[in-house]
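The chains carry the letters A, B and C, assigned in the order they are written, with residues numbered from 1 in each.
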Amino acid sequence: MDSDNQNAIIEGLLFTAGDSGLSEDQIAEALNMVVSEIADLMKSIAAQYEEDPSRGLEIAAYAGKYQFVTKKSLAAHIKLLADSPSPSSLTQAGLETLAIIAYKQPVTRVQIEEVRGVKTDGPVHTLIARGLIKEVGRNEGAGRAILYGTTAEFLDYLGLKDLSELPPLPEDIDDENEDSDLFFESLRNGLSANE
Amino acid sequence: MDSDNQNAIIEGLLFTAGDSGLSEDQIAEALNMVVSEIADLMKSIAAQYEEDPSRGLEIAAYAGKYQFVTKKSLAAHIKLLADSPSPSSLTQAGLETLAIIAYKQPVTRVQIEEVRGVKTDGPVHTLIARGLIKEVGRNEGAGRAILYGTTAEFLDYLGLKDLSELPPLPEDIDDENEDSDLFFESLRNGLSANE
Amino acid sequence: MEYTVKLDAFEGPLDLLLHLIQGLEIDIYDIPMAEISEQYTLYIRAMSVLELNTASEYLVMAATLMSIKSRMLLPKQEEYWEEDQSFEEDPREELVEKLIEYKKYKKAATELKQKEDERSLHYTKPPEDLSSYSEQVSAGSETNIDLHDLIGAFNKLMRRKKIKKPLSTRIARQEISIETRMSEILQTIRAHAAPRTFSELFPVAEKPHMVVSFMAVLELVKRQEIHIKQDHNFSEIMVESTEGVSLVGQR
């Protein structure tokens, strides 16, 4: 199979699969190749799409499955014609709850509420209804509280390949824009003043 | 707008439109061009796709609409893909269709297609064959379209007692107002006690 | 002092505290308890005229602030010496930890929001219906789905942006000849690798067009340009081109 042919097949397959995406297994099978070769192949094809300004599509790997998506730069043009049935984005409460679940999973609702300092039933229900989180097990011990974790839809929703692509959790609160050094200084001062 | 850019926008639009296709009016709107120029433009772009052996898609025009279709030469590979997913689970198309029927039943195929934006004959037949949905009646009025609903087997598969156990949809959840009255009361009481 | 407090402005007492700390330019590691608890109380009083759904938590926090404030006023010398050289515990410590932990996730939420926004600029398309390529699914085949798959699929569907139907579907009332429809239908069928469904040959939901389309299909069958097949009763009728021959409809 020459590489033109291979590219054509992959283009056809990705188009056909739409947003259900293709796993490496599926691509390997349709190309009659070894699965271990697929990642490199897709990487090089993805680069071709990305670099070619006459292409409107690029290859994403949301939730570990390859799919065509339109390039970001076209959004304004497509928006003129397209519409989504429920364009609503998540509320602040939903985002906070989702962040806690994403980084601490598996996690119980009580643990989420400890971090947020407020009841979180509403946001948890919304996130389940939107398919972004699911029950992943039960806590050991008394009560056997439900443990929550994120779903494949969560990865797709945020455009992530897998959980390792989550932005690193800010480990301390030193916001660049909040004079972190000043805070740190005063912390030191505060501590030594106490001694 | 240079021609690279134009090609990219058209690729993105045709992709997003899928098999509902785009009219010349729509393409003109998105490109901010005069409708009369579109036919020639599309003809020349279609020729590029057709002649390029590394492309798996080509542009078909019928019923006054342009749409991407996979090249005929890829049929064998697409068949491999169609047969590849494990037969035990439903495809994304199947799941979507099942979800719409579950939540909106009784529902006609045309209504399902309106929500999905694509033809849905295949998934409907698969779901019937698997015993997850069935014909539950006929629409009133002209055409008397078949109405579909879920079966007892569907509930069985999902481990639900009845349809009321389906999780609510996002639009049915109102997370702002949960228990608000109760808390509001206690806040008022608490504050007046402080005074 | 005048407060304009919006109902949705705060996600809870921790959020409100962070807001006050930032507004008052207070060091989070050295919170002046008297000041913060006064400000906090003023705030929730202003909020009490609004509808709050998490009021009890705001009140609990108010009490906590009071309690920390009073503990800080207690003489602490003795405790300090008794607990053999260990650091004296700052009554604020637990609160500060909570604030820092919460702030971490609040910031993470902002980053997720960015991802959400970015992702929404990428458009996708629904998967093609592959059932015409695939073997017939038998009723006996095992199905393995769970509720989460179903919900996920539904949400993906709701998220997917679709091309709007043209605002004005201008269908000029014109005579369509059967010959024209025949060549259009042939083109449709030949453009696709797989057989097309019968219903696809009726793209315009208007009676005259449908009638002409139907007659065109009949004529094509008669001329053996297309094959029509149906696997069993009530299943979709599939239409495919007769390989090789092409007499009508060539352009």
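By definition in this document, a residue touches a chain if its C-beta (ideal position, glycine included) is under 8 Å from a C-beta of that chain, and two chains touch if they have at least 3 such contacts.
Remember, it's a predicted structure, so these values are computed and weren't measured experimentally.
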Chain whose Cα centroid lies at the greatest distance from that of chain A: B
Chain nearest the overall C-alpha centroid of the shown protein atoms: C
Rounded Å distance between chain B and chain C, as computed from the means of their C-alpha atoms: 14
Separation of chain A from chain B, taking each centre as the mean of its C-alpha atoms, in whole Å: 21
Two or more partner chains touched - positions in chain B: 12-13, 15-18, 22, 26, 70-71, 73-74, 78, 81, 91-93, 115, 167, 169-170, 176, 178-179
Sequence positions of chain C contacting 2 or more other chains: 8, 54, 123-128, 130, 151-158, 160-163
Chain B - residues contacting chain C, complex: 12-13, 15-20, 22-23, 25-26, 58, 60, 62-63, 65, 69-75, 78-79, 81-83, 87-93, 95-96, 98-100, 102-103, 115-123, 125-126, 129-132, 157-160, 166-167, 169-170, 176-180, 183-184, 186-188, 190-191, 194
Touching residues on chain A, where the partner in the complex is chain B: 3-5, 7-13, 15-20, 22, 25-26, 29-32, 53-57, 68, 70-71, 73-74, 77-78, 80-82, 85-86, 88, 91, 93-94, 119, 121-123, 125-126, 128-130
Residue ranges of chain C in contact with chain B within the complex: 8, 41, 44-45, 48, 51-56, 58-59, 123-139, 141-147, 149-158, 160-163, 166, 184, 187-188, 191-194, 197, 199-200, 203-204, 235-236
Chain C - residues contacting chain A, complex: 8, 11-15, 22, 27-30, 54, 57, 61, 88, 90, 98, 100-113, 115-128, 130, 148, 151-164
